[in-house]
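Once you've had a glance at the structure underneath, I'll fire off some questions.
Should a chain be cited, it is by its letter among A, B, C and D, assigned in written order, with residues numbered from 1 in that chain.
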């Protein structure tokens, strides 16, 4: 959930609206937001399933230090979703284990 | 390879201060910070800071960050953002990833002001989505405007746990509970009171036994601990939460300090392994300094003073400051630091810091091949610092009956004095040292309430028992949305957040000078004047979202 | 003399692959053995190795050892009750000139005489079995029975198995002095006390010359620095251990999924010539060489790696750790094995010049044979220190 | 503490695995890391290094201050190979 107003910060400044694809579904986000937070705001908490125990993981450190928010972004696995900003048209996939490389998107 | 005179890693309070101190005297300084914005952790801090009114007190963290950055920039400091220092190599070479490339820098002096990192607590379910560091929650809500969850369990009642709980409440979440393994609250009482009076229970001698849920946190089981910290079977209680925040302490973020080859020692009260340093903040590796949390967990004001110490030492070392003047300035700064390191929290840090300096001196002497007499461990007992000097007193019933008067509910020695400065009547006295409890000269107080928004602990209330036959008025700080408006009837809550009656809103003051700490004046029945400390609005509307 | 803390038939100095393997075999043979290590098990050169278990591209003396070692590697997991992550995925030498190809053809011929089958593959053939390699080379020398393993697991596996058989493993124990009566060992004194013994095995790798100095012995070993990086775990991309001599590069993918990429250094004279800002081997102590990463190779390793592979996307994967390591170099790049003739009971197991890890299992076995029976099932005479004249005890 | 609780989040190493390693005689965090991979993953022990020290201290009846922590090596933050190589980059 994104809040519109905050008692200290006032009206929260947000960037332009963008649409990203998360496991094939369109999700709205705002420019400047990190992938993991945009997904969280949309109710998506599981970003990654672990390799050995196949357990779900979500945001943990939120500063790119831990391993928990790795996702496949535009075909590249192990992208730290908490420190990677969203971009219009970005293809984001839940990563299972070590993930895999997808065919590179045709860069427009 | 680029050469710089001084490289500072970390643009938090310590790093920015070091840089300004050196640059103001003519040194060339480059700050490297891995974040997109400078200010370090200050940028996530929305609360007003304790401290001396001469420095930064009652400023909110993110604004302190802004002014420190401005100071540094005016001093001519160069700052690289998104600049990640990946290592320190021979001859003070730094590897810096900046603009997507690894660059090589060599510095005459390096200051590591890399701050702190969060400690962890492992329990079944701690890997579930929804369990996160308190810092992560802060980043989400205060930087990105996204609520981490709706129902929160906070693990740990140190200042981080208390402050983040408060910020979560401000952002619109419900904090279901704070658990603390120790039998007493870890952080300052005023921070605890801020969330208690909203109704957040703080369970002491409790820990989280387990978080559960099907692919995300749906609840947690709490369990009570005995005096040895062992769980007591049968005391489990389940609470429904969607988020568990971990605030179980900080440790120095000292990776680079290790990589640079500095010597360390373990001091629990400073967060664990800390780099040895001397009084000028120099480590055991020539030319490499530390300042702030990386040199032992403290708070922002002392990080700034440590930054100043390092800055003065380096400026002198590089010839930008005569030695005699440097000595004088260092002495002054040390006095400031000593003043900050008093009271229940600061005092412990102060003792631990002295132990760290001793350990450094011992190491240096050993390296020089000098015999070192084992220092008497008596200097380091870890015992509580000296007893509080005075107890803040409550104005007498007679005084309260005469008209509005401030009630200062500040019972711990905190390095903080803005209330003294805020009072135009000279009714509040803190004096030296800055950790002394505020003393109210009730006869001088006119109940104006200016001290209310000035108090970073939100611990001052103005009571007027002369208001009417059966009603008293209370002025209290209220940093939440939506604000009540005049004439509204609201719930009156006591110190524990319990509903004790109704209140009528008489006035809402929110001028710019209050800096987002509106003051609400309410009328309650007279016998509740010393009980009511917070209000709640009926059926709060769903917060507006984007 | 400090207090006697132990008595052993053999004291092994060094807790790397050689020391632990030898300790295991001696314990298995029923000897009373104590291993002393100044840091922790697998904390020196073995901890920094690339992990190749390679037979090809070795001189005649080592080739036999390597082939025998591979026989042991195949059953090592069972023998030690430990997953060493050993895999026979093959080893590629990527060849960049006709001259190199020619050289390897000759080596293959000689290896074939000893029973080791290798082949030269054209770039098109390589593409089929290892698509990650950019075909910007002339050919590849492939030995399908080569492979790699996990040095940590192997070394600890040997140490744990040795302890299980009664060996005493003493870590955090630094050798201070060695007492001998003329030409016979009497005891070794460590930071924790003195151990009475008649036999000492110097398996201290790049630090073995320092152990020699304790005895006034010049052991012809000198340390040489190398540098490696490791990436985050990745999906499978390469099975083979790949070495490219012309640019000093080697890499493998560990079982964890991490790519381990290293740069062969001084033995091939690569550093001084190719690094832009120049690099001269510092004459500093082995101590600092071992701990401090050098900047230039950290940049050079991924550069060369990315230039050698077909997947530019690998540029997106992260390096998570880098480390320097030391090779124990001898003048002829062959190891020093066997008893020092002038000092009875003082054995050398060192000087593997960056190629020892694969030989660990067989060398431990042969050393145990030598110590227990005085003979070895594979002759080691040519690897004796007597091939150099420097190893002689100082007059006392 | 529950034995099956994950201590190293990156490599998914449980408390039971760490305790088992200690019982085998691997008594420092470095030994445990080499044997179990706890602390060897992507975050290089950022999160679990102090937990491992605590477990070692508990199992061996030591003070935490007596346990030597895991070492750090560059890069102290993970860095893309292309960045390390000085390739690409976004200088404009």
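Keep in mind that, in the parts below, a residue touches a chain if its C-beta (ideal position, glycine included) is under 8 Å from a C-beta of that chain, and two chains touch if they have at least 3 such contacts.
This is a predicted model, so every value here is computed, not measured.
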Centrality ranking, top chain (CA atoms only): D
Contact-richer chain pair [B-D vs A-D]: B-D
Chain of greatest Cα-centre distance to chain A: C
Between chain A and chain B, centroid-to-centroid distance (C-alpha), Å: 30
Centroid spacing, where centroids are CA-atom means, of chain B and chain C in whole angstrom: 51
Shared interface positions of chain A, touching two or more other chains: 50-51, 55, 57, 60-61, 65, 68, 78
Overlap residues in chain D, where contacts from two or more other chains coincide: 6, 9, 11, 41-42, 46-47, 73-75, 77, 79, 82, 84-88
Sites on chain C at which at least two other chains make contact: 232-233, 293, 298-299, 316-318, 322
Pairwise touch network: line, ring, star, complete, or other: complete
Chain A to chain C touching residues, read off their complex: 51, 75-79, 98-101, 104
Residue ranges of chain C in contact with chain D within the complex: 40-43, 47, 152-153, 156, 159-160, 163, 169, 171, 229, 231-233, 256, 293, 298-299, 301-303, 305-306, 314-323
Chain B-touching residues of chain D, taken from the complex the two chains share: 1-2, 4-7, 9, 15, 46-48, 50-51, 64-65, 69, 71-77, 79, 82-91
Chain B - residues contacting chain C, complex: 1, 87, 89-90, 93, 95, 102, 104, 261
Chain C to chain A touching residues, read off their complex: 232-235, 257, 311, 313, 316-318
